[in-house]
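Next, two complexes with chain A in common: one pairs it with chain B, the other with chain C.
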Partner chain A sequence: MEQRRRERIDRGVKVRSDGLYALMSWRELSYLTVPRLVLIVGMLILPFIMPGMYWQRVISIVCIYALLALSFDFLAHYVGLVSLGGAFFIGTGGYLTAIFNTSFGFPPYLSIPIATILGGIICTLLLLPCLPLRGVYFAIVTLMYPLVLARIIEAMDILGGTDGIMGIDDFPNRWVEQYLVIAVVLLILFGLRRLVNLDLGLVFRGVKDNDQAVRASGMSITNYKALAVFIASAMGCLGGACLVHIYMWTGLSLFALDFSILPIAATVIGGAGTLVGPVLGCLILVPVSELLREFGTLRIVFYSIILVGFIVFRSEGIMVYGQRKYHQFERWTKV
Partner chain B sequence: MNKEAILQVRDATKAFGGVLALNRVSFDLYEGEILGIIGPNGSGKTTLINCITGFIKMTSGKISFRGKNITGKPAHKIADMGVTRTFQIMRPYYSMPAYKNLVIPLFSPRAKRTGGWRGGGKLGDRDTVSIDILEEIGFERDSYVPYKLASTLPTGYLKRLELARCLALKPEMILCDEVFSGLSMSEIASMLPLIERLQMAGITLIMIEHRLRELFSVANRVMVLNFGEKLIEGVPEEVIEDEKVKEAYFGSEEAKEVMDHA
Partner chain C sequence: MEILIYGIINSIALVLMSLGFALVYGISRVPNFAHGALYVITAFITWSLLNTLGLNYFLSIVLSLIAIGVIGALIYQFVLIRVRGMAISEIIASYAIGLAILEGLRWGGFKGLSYRLPVFIEGSVNIGDVPVDYHRLLTVVVGIALVAFIWGFTHYTKLGLALRGIAQDERAAMMLGIDSDRMALVAMAGGAMLAGLGAILLLPLGNIVVESGYNVLTMAIAVCIIGGLGSWMGAVLAAFIIGFAQILSVVYLGSHYQMVVALLAIILTLILKPSGLFGRQKELEERV
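Take a look at the complex of A and B:
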């Protein structure tokens, strides 16, 4: 029998010369910009094409999860810290913005940035003792934090206890709300992509690849891990702060494990280490999860089937698969 | 050599549980010299380097570099002072091209301090500086080797990459942990001039080696370790003639036989 194998050839668009883009034609220009434009324009028109208020709200939630997924992907695949602390970040950011909004009377455009920065600092300080841990140990510790914080709030009956904090300002209208979160996701997505390609990003990747060599290069790995955790947790806190202002309420459900687990599933589906993949993963998973609400408790079953299907048949993720198809020709050749 | 000692190690002791990996090892290292450290497997050579560079904490003893006590300082602080090391099992960043491997040390505080604009990356970017360093260490600039992923490089280049990482920090001392091991004779022959060039550039070197002939051709002094203890220290010719060294290397029974035959 004749044996054949698949051959992959890079598409011959030579636009990059040593860090500079040297664009020669509209065709090459569009080869580079169209995928990015599709994402940007697609995200921006989403609120218009959604039928009704309910689905527009779903878009906002997608963006919150996308922030968490981006922060997970950044920490796990560019710094080597597998964090299950999504709920921790959301909760910290959410409660902080609630406190600043209700107790100090700060409007959302002030309380959200404060909650982002302060939340990032608090999360980093709390995670600082765990930074020497690696792999699954770090994951377990970060999983404990939201549980512990939720129990503390419940047991000591502080910050509204089990009732939560109510009466938080919402955004002026739903368009502001949606375009704010969409713009934030897009800015952070492209900002992170820029960051990981900077020299600083290389150091982060160095910490993941080989932390001993980074130490031997005269750099403290704890400092760089802390910086990365600050960036990632600030992103999560930003998401939490937006979420609280969207719901006009904060409570113990902000520490729910959904916020830790769903971003990971989105990263698996979207393509680990691509940054844009997790955003796409959220765009698929969150609406699917909403659609499955009609099935009641069977929802989790269908949800799991979709996840397992992706893991078995497309374990590399949509973006990795898509990038390969986009950048390379494939053809069958005789062996 | 009557210069001042750049590195003083006093009674360096390291116990792993009940095993004494290092037992009261003391030596001085003078500026600009090459000290070879030899010894059978498990004699504590790598442990000594790990202790000096702060990768493991000593049980007791004192190490000072240029008069400053560096005992117990964290590894990155010691590297920041210019005491750099290579790893016996090479530790490149496998997922990056060879030249990007050097961007990381060039980003360090020491490189920013010592490298001026070249290391600082303000006017000249770190990519160009790292290609310069790689060329010094034997990666041909115009070939594709510096741009290959570190995971695809052969051992010889990885060993050079280890040295290059030290050079990027403009070091005062390099502690080489078996840079010749795993290399072919011709690769070693091409590394030797490199080591001599480092010495001429004023860098003090400690070299752990099993390739005695090559080591003795470059080393000014040699120290022999056995079971964590210092056996002897001196010029290569003396050391190789020493009875205790022969015994350590060949074992006492065989040493007798060797002597009987001689």
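Take a look at the complex of A and C:
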């Protein structure tokens, strides 16, 4: 019986365009730039092709989830900290911007950056004691943070209690709102890709793969982890701040588990560790869940089942699969 | 006196809620985040058997416990077995299953206050000067009996010893011919049945609502983490600690703080001593 195996070989154009030779011909140039341009142009024209206000609002929500998913992917697959606390970041950023906007009267273009930076600092400080934890323990502790904050706000009746804070300024118009979040997502996406390829990114991956080796090289793991958590939580807080200004309301629902679960689902479906994958996953998952809205809670059932299916049968995700098909071809060879 | 009695009752209730989670994690190292869903669905199965099919109460309890055991085994056999060992995939997969079950129940119309299970024995008795109804006393008795039964089962039967073998050292146990996946399957089925038993004992005291699934999951995680993941006796002791802490906070602070206490306890335990009060995890596996 003749045995055969499938081998994967890099496409010639990939090999040629890896180095400086990329500038040799339009073909190689477009091989590199077209996928990126498709994403950027696609994101930028999305608000125009959406029918009606409702779907334009959905685009903003997609971008906020994409921010969270990016922060999850960055923390989990480049630093090795699996954080299930997306809602914690969203809630911190949301409440901070609400306080600055209503109590101090800061306009959105001031309150959002302040909430982002301050929120990042607060989240990092609160998570600082848990940074030495690993794996499941860090995951569970971050899952508990949003729950406990929501319960404390409810129990002590501070910050508007169960009613939340109302009367927050919105954006001047919906074009500003959409292009702000879209631009933020694109900037952060490409910024993070750049960051993980810098020396700093190398250290982050070192922390993930072998923290003792990083420590033996005379670098403090805790400092690097704290820096990574600051970057990720600031992204989440930015998302929360934008969300609050879009809805003109903040409340306990900012700490809902949705914000912790959906970004993870998007990361799993889109492709973990690719940074583009989570954005893609959000672009697929959030509109699907909006389409299913009329089915009520059945949509949660749907996307849980999709999630289980992906995790069990195709855990690499769409983006990794797509990249492989784009860069390599496969053929059967004799063993 | 009131604090003492209701503290004990509350603690036993926590034991019943979390024993299944502790059992599954202790044996197969799978954090079963579908625990809360299994808890709630048992109550709904019992309710449906009792009211829709009109079976006798005892029979419907037995049938629903068997059903939940089969459901737990199926979840393990078809989903969790494929992601075993990958901690995050385990959490996401089991949580997604739990979410699907709970939200499916909500969609299926099981919401509102109309779903109640009857209590086993009506009436109440005064202990000292505190009135306690018989059902709560029965819960305490069954809870203690259950803990004793599990202790005996894992120390004196072949299956129980095999389960403990897998929990202690999976490789050595496999060399002795114990099928690790089979034992994990048994543990999952048993854990699901324990969750179901907890639901049947505890839910007649209130309404069957979908939200209790999330609360039970949180409490089970709290108890298991404080007691040390994988340590059953630790879980029982932790249930008493949290149980009394909750009753004290309800009496002196107000009922809103009940959940805050549990959650803060989790966070503090994880930060200070992640292996819990009685856990025996290796230091290096959990923190740098």
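Note that in this section the second predicted complex is superposed on the first by the 320 of 335 C-alpha atoms of A that agree within 3 Å, B and C clash if a C-alpha of one lies under 4 Å from a C-alpha of the other, contacts with A are read in each partner's own complex, and residues count from 1 in each chain.
Operating definition for what follows: a residue touches a chain if its C-beta (ideal position, glycine included) is under 8 Å from a C-beta of that chain, and two chains touch if they have at least 3 such contacts.
Since the structure is predicted, the reported quantities are computational estimates derived from the model, not experimental observations.
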With chain A superposed, do chain B and chain C clash or fit? fit
Look at A:Met219 in the shared chain and tell me whether it touches chain B only, chain C only, both, or neither; answer first, second, both or neither. first
Partner chain(s) touched by A:Ile305 [first = chain B, second = chain C, both, neither]: second
Taking the superposition on A as described, I'd like to know which of chain B and chain C A:Gly206 touches: first, second, both or neither. first
Which of chain B and chain C A:Arg194 touches, first, second, both or neither: neither
Between chain B (first) and chain C (second), which, if any, makes contact with A:Lys325: first, second, both or neither? neither
Which partner chains sit in contact with A:Tyr145 here, chain B, chain C, both or neither? Use first/second/both/neither. second
Taking C-alpha centres, what angle do chain B and chain C open up at chain A, rounded to the nearest 10 degrees? 80
Partner contacting more residues of chain A (chain B vs chain C): C
Could you tell me how near the closest CA atoms of chain B and chain C get once both structures are overlaid on the shared chain, in Å? 10
Counting contacts the way the document defines them, which residues of chain A are shared by the two interfaces, the one with chain B and the one with chain C? 212, 215, 221
So in the complex, which bits of chain C are touching chain A? 31, 79, 82-83, 87-89, 91-93, 95-97, 99-100, 103-104, 106-107, 218, 221, 225, 254, 256-257, 259-260, 263-264, 266-267, 270-271, 274, 285-288
Sites on chain B touched by chain A in the complex: 53, 55, 74-76, 79-80, 84-85, 87, 91-96, 100, 103-111, 121, 126-127, 165, 168-169
Seen from chain A, its contact residues with chain B in the complex are 19, 199-200, 202-203, 205-206, 209-210, 212-221
Residues of chain A that touch chain C when the two form their complex: 76, 82, 84, 129-130, 132-137, 139-141, 144-145, 147-148, 151-152, 154-155, 211-212, 215, 221, 261, 264-265, 268, 295-298, 300-301, 304-305, 307-308, 311-312, 315
